[in-house]
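These are the structures in question, set out in turn.
Presented sequentially are two complexes of subunit A, the first with subunit B as partner and the second with subunit C.
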Partner chain A sequence: MQIKPQKKKSSLFTIIIGCGKLGASIANMISDSGGDVLILDKDKDAFRRLSLHYGGLSVVGDALDLDKLKEIQIQKATTLLVVTNDDNTNNMVAQLAVYQFSIKRVIARVVDRDKESIFNANGIQTFCPVSLSQERIGQLLSADDPVDGQTVDTEGREQ
Partner chain B sequence: MKKSIVIVGGRKKAIILAKSILRKGYEVIVINESYEDCLSLYEIPGISVIQGDGTKPYVLDDANIHNVDIAIALTPNDEDNLMICQLCKAHFSVKKTVAVVSDPKKIDFFYAMGIDRAVCTISTVTSIIEQQAFINDITNIIPIRGGNIQIVEVRIDGYSPAVDKQLWEIDLPSEVIIGCILRGDEALVPRGNSRISMGDTLVLIAGQQQEIPAIKALTGR
Partner chain C sequence: MGYSVSKLSSVGKFMMLIGILVAIPLLVVPFDAQDNQFAWSFIIPASFSLLCGFLLFLYRKKRSGAVENLGWKSSMQHSSIIVLFAWAWGMVIGAFPFFLSGQLRLIQSLFESISGWTTTGLSVMDTSNTPKIFLFYRSFMQFCGGLGFVMMMNMFIQEKQSMRLYNAEGHSDKLLPNLRKTTQLIFLMYGGLLAAGTLLYSIVGMNIFESLLHAMCALSTGGFSTRLGSIGEYNSIGIELVTILLMLFGTTNFAVLLLIFKMKWRQVGRVSEVQLLLGLLCLGIPVFALGLLQNHQYMGIEAFRIAVFNVISALSTTGYSTIDFQGMSPSSLGVIILMMLIGGGIGSTAGGIKLERVYIGINVIALNFRTRINSARSIHPGFFYKAQGKHMIDDKLILETSAHILSYLSIIGVGTILLATAANTNLIDALFEFASAFGTVGLSIGITNPNLGNAALLIEMFAMVLGRLEIFIVFIAIHSSIELMHLRPKKA
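Entry: the complex of A and B
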């Protein structure tokens, strides 16, 4: 464990499941802004995606293992971000977090849009890369000035 | 109308289950990801086989499982079985969903997520092995709720330390009660002063894996 610079003390604690490109970059972002973050992945080699300055925790383990989730004190997380590369795993981890550990804010990635409603039915916030890309491409295509991408409205899909 | 059942995943289990359900007169649809498994399933007469990933909504849609009576998820992964059952319920109005769960700790979670029946193969199989290992003393064990509660039949022979004792004299674990004494053709409701005799069969209700110490206390083995 590294000693991280205490820029500001906050009670926010984010846990990220899955250290892929997205998980790692969010972990780096939170760490850089001085936030508390823990990232879990079952493959230890995945952590090479974290930056050298990453000041949070990284733990090797399977997120579907209840004992592992207890070990990382998942119940202390104020936000859980579930971004493994498998929708079904994301669904189960997110639902375990809501049901077993009463985490208020759970955000999960869903690749297959048709499965999104299953997540949402259990109070899990979702985002779908295809939907986001589609939206962005739509904006780019409909933009008046094709050179300046900044003129388009980049409002999120937050529900 | 014929009742219909869809079975998703599972290799040998799917074949054996499909055959047995077909014999009971149900219509059976199986969905399996592996081509080889689909071929062997296809050899069963009267079965519909769909090859594909049953956790994908479009595959379930292709299998035309709308309003199917029962969906059984047999894949080796708990997360896949959860997704299959949840999709069947939410998108296809399947009446009853059954999931095989490998992690016994997740049984309650599956029930909380709206799955109608969660079957833990590991705890069911281990309890049968245990039953077989103690076959001389016990004639039957019925696990309930993934094995948290067991109903156990124990035969009392002449060597048993419990013979001719009143129930209150026997030191049983507190998680165990004697539910019934079977004597000949009679079933007696036990009281503290009931006396156990040779040849009785006791029906125990045991919680928290306390059946083995209880059997030890009753039979001396």
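Entry: the complex of A and C
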């Protein structure tokens, strides 16, 4: 994992919208390193992806509900991570966070690469799984003569 | 022994923690020179526990890198075993000061220790001539037991498995987006209330030592008193009012307590537990008072005052009393027994079935009624409010809640008969006493006294442990240790 959780300053508070595989794993990581984290998902069953020793908060609710966002005190977040699987939801929540609650760092996942510019125009940091995968596959393909029949060790290679 | 290496380290830490807790009453010695002679009965078990814990800790350090990534099932089993072991160790070590100093017999010491840690408050000690250090020790045990060992541990050390243990000990709430901060906040509230309680008690005319002790016990819904006649011996309205206030705070869920401190009254009033608590008190107090009037024991306002105090004491599972329950009218006794069964707030220091489960239970009955009189195609969602917000009553919750209530009532049934046989009393008295022990209340109808036999004491001890750790964790831990012990020889 490349994303370093905030370790030292305990005043950092991360809110994650969407408890999918990505959201849950980041929430676990931040919680393990002792950070403050809250995760929101509209499906209660989604929280089973969190590990047993997850020590942060988990709230059931719709991120598009303004009252819900106020209830979880979104304005106190230093970082907002919007990682639901729907671009429209991601965009709206991220924009709300930027304009309504003026959160400094908002990171959103963009599934459809063509929409990335809409996010960026509003000052939202984005990442796109397709672009990242493409980049990685390009690296793998361009790597010189992989041994035949052996699987490439994708994790260890970079170090 | 079914303990793997990875578990030994946390077990070691718990042993050390318990050692430190048992040593804390030594702080009383400088203030009261007479207690010097008892110092050794605290130092020996405390240092024994510290040493054992330290050795286990070192042993683990040497063999570090043990497998930490256990599967879901085994990690759940491990945490329940650790929690049960920590409590069992605390109870055994906690019994030694009573035994070594010759204050009590072995079984009696164990009883007193369990009654302390589980915040029950049944006592086989004659408090009129007990040295101060022991009085402090008993109250301090309740104060710590109210929070639980895991909670205390989380205050100092936090590691990966803290959350699992925290859940296994039955703490349901997270108040802040970080476990450590949640623990610190709870400590802050608890400590603040203790200071406030001590101050209030001394304002209404108790001496500082007794103020501190009573505040500790009322807040943890424990109920050990320094007097034989409990709070009733003071016969002071001021002291009763302060006690009622502290008992109500103690029985309130920590998350609701936080809302109260933040002055969010509207949200507090919406919480189902609070509504049920107030409703039960409004019903229970008049019925209890009427029972007293009927019996011609007390008159008018006096009966009402007694009713308010004792019903709140029973519902909050504290167990301070201002009267003697022997020879009381059936309606009054019935109210007290019902209150003891229902108990306090979930995620507080109280025992019993817990208000939230009762609330859900009542809702399930209503739901069942509604589905019977309506067409099969209609749906009837049920809701209840927690401090964190609205929750739906879904099938899983119904299953868990009804299983808990059912097992609670079955144990009450079986336990009452056993206790009646062992203590040789009638069923009503046995029911009262068993409900009191099981709900970690501590009101006594007179069965629990220094002359009670060992069998009856053992039954009550078992009830107290089950009641404090919320039944299932004890069974899970016992089941798991048997399972693990069967597995071990195959692996080796």
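The rule is simple: the second predicted complex is superposed on the first by the 136 of 159 C-alpha atoms of A that agree within 3 Å, B and C clash if a C-alpha of one lies under 4 Å from a C-alpha of the other, contacts with A are read in each partner's own complex, and residues count from 1 in each chain.
Quick note on the criterion: a contact is a pair of C-beta atoms (placed from the backbone, for glycine too) under 8 Å apart; a residue touches a chain by one contact, two chains touch by 3 or more.
This structure is a prediction, so every number in the text was calculated from the model and none was measured.
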item: Contacts of A:Gln95 with subunit B and subunit C, given as first, second, both or neither; value: first
item: Partner chain(s) touched by A:Asp87 [first = subunit B, second = subunit C, both, neither]; value: first
item: Touched partner set for A:Asp112, first subunit B, second subunit C, both or neither; value: first
item: First (subunit B), second (subunit C), both or neither touched by A:Ala143; value: neither
item: Subunit B versus subunit C as contact partner of A:Glu71, first or second or both or neither; value: second
item: Partner chain(s) touched by A:Val37 [first = subunit B, second = subunit C, both, neither]; value: second
item: Footprint overlap on subunit A, where subunit B in one structure and subunit C in the other make contact; value: none
item: Residue ranges of subunit A touching subunit B (in the complex, touch as defined); value: 64, 66, 86-89, 91-92, 95-96, 99-100, 112, 114-115, 117-118, 121-122
item: Interface residues, subunit C side, partner subunit A - complex; value: 72, 75-76, 158, 160-164, 166-167, 174, 176-182, 388-389
item: Residue ranges of subunit B in contact with subunit A within the complex; value: 55-58, 77-80, 82-83, 86-87, 90-91, 103, 105-106, 109, 112-113
item: Interfacial residue positions of subunit A with respect to subunit C in the complex; value: 10, 13, 31-32, 34-38, 52-57, 59, 71
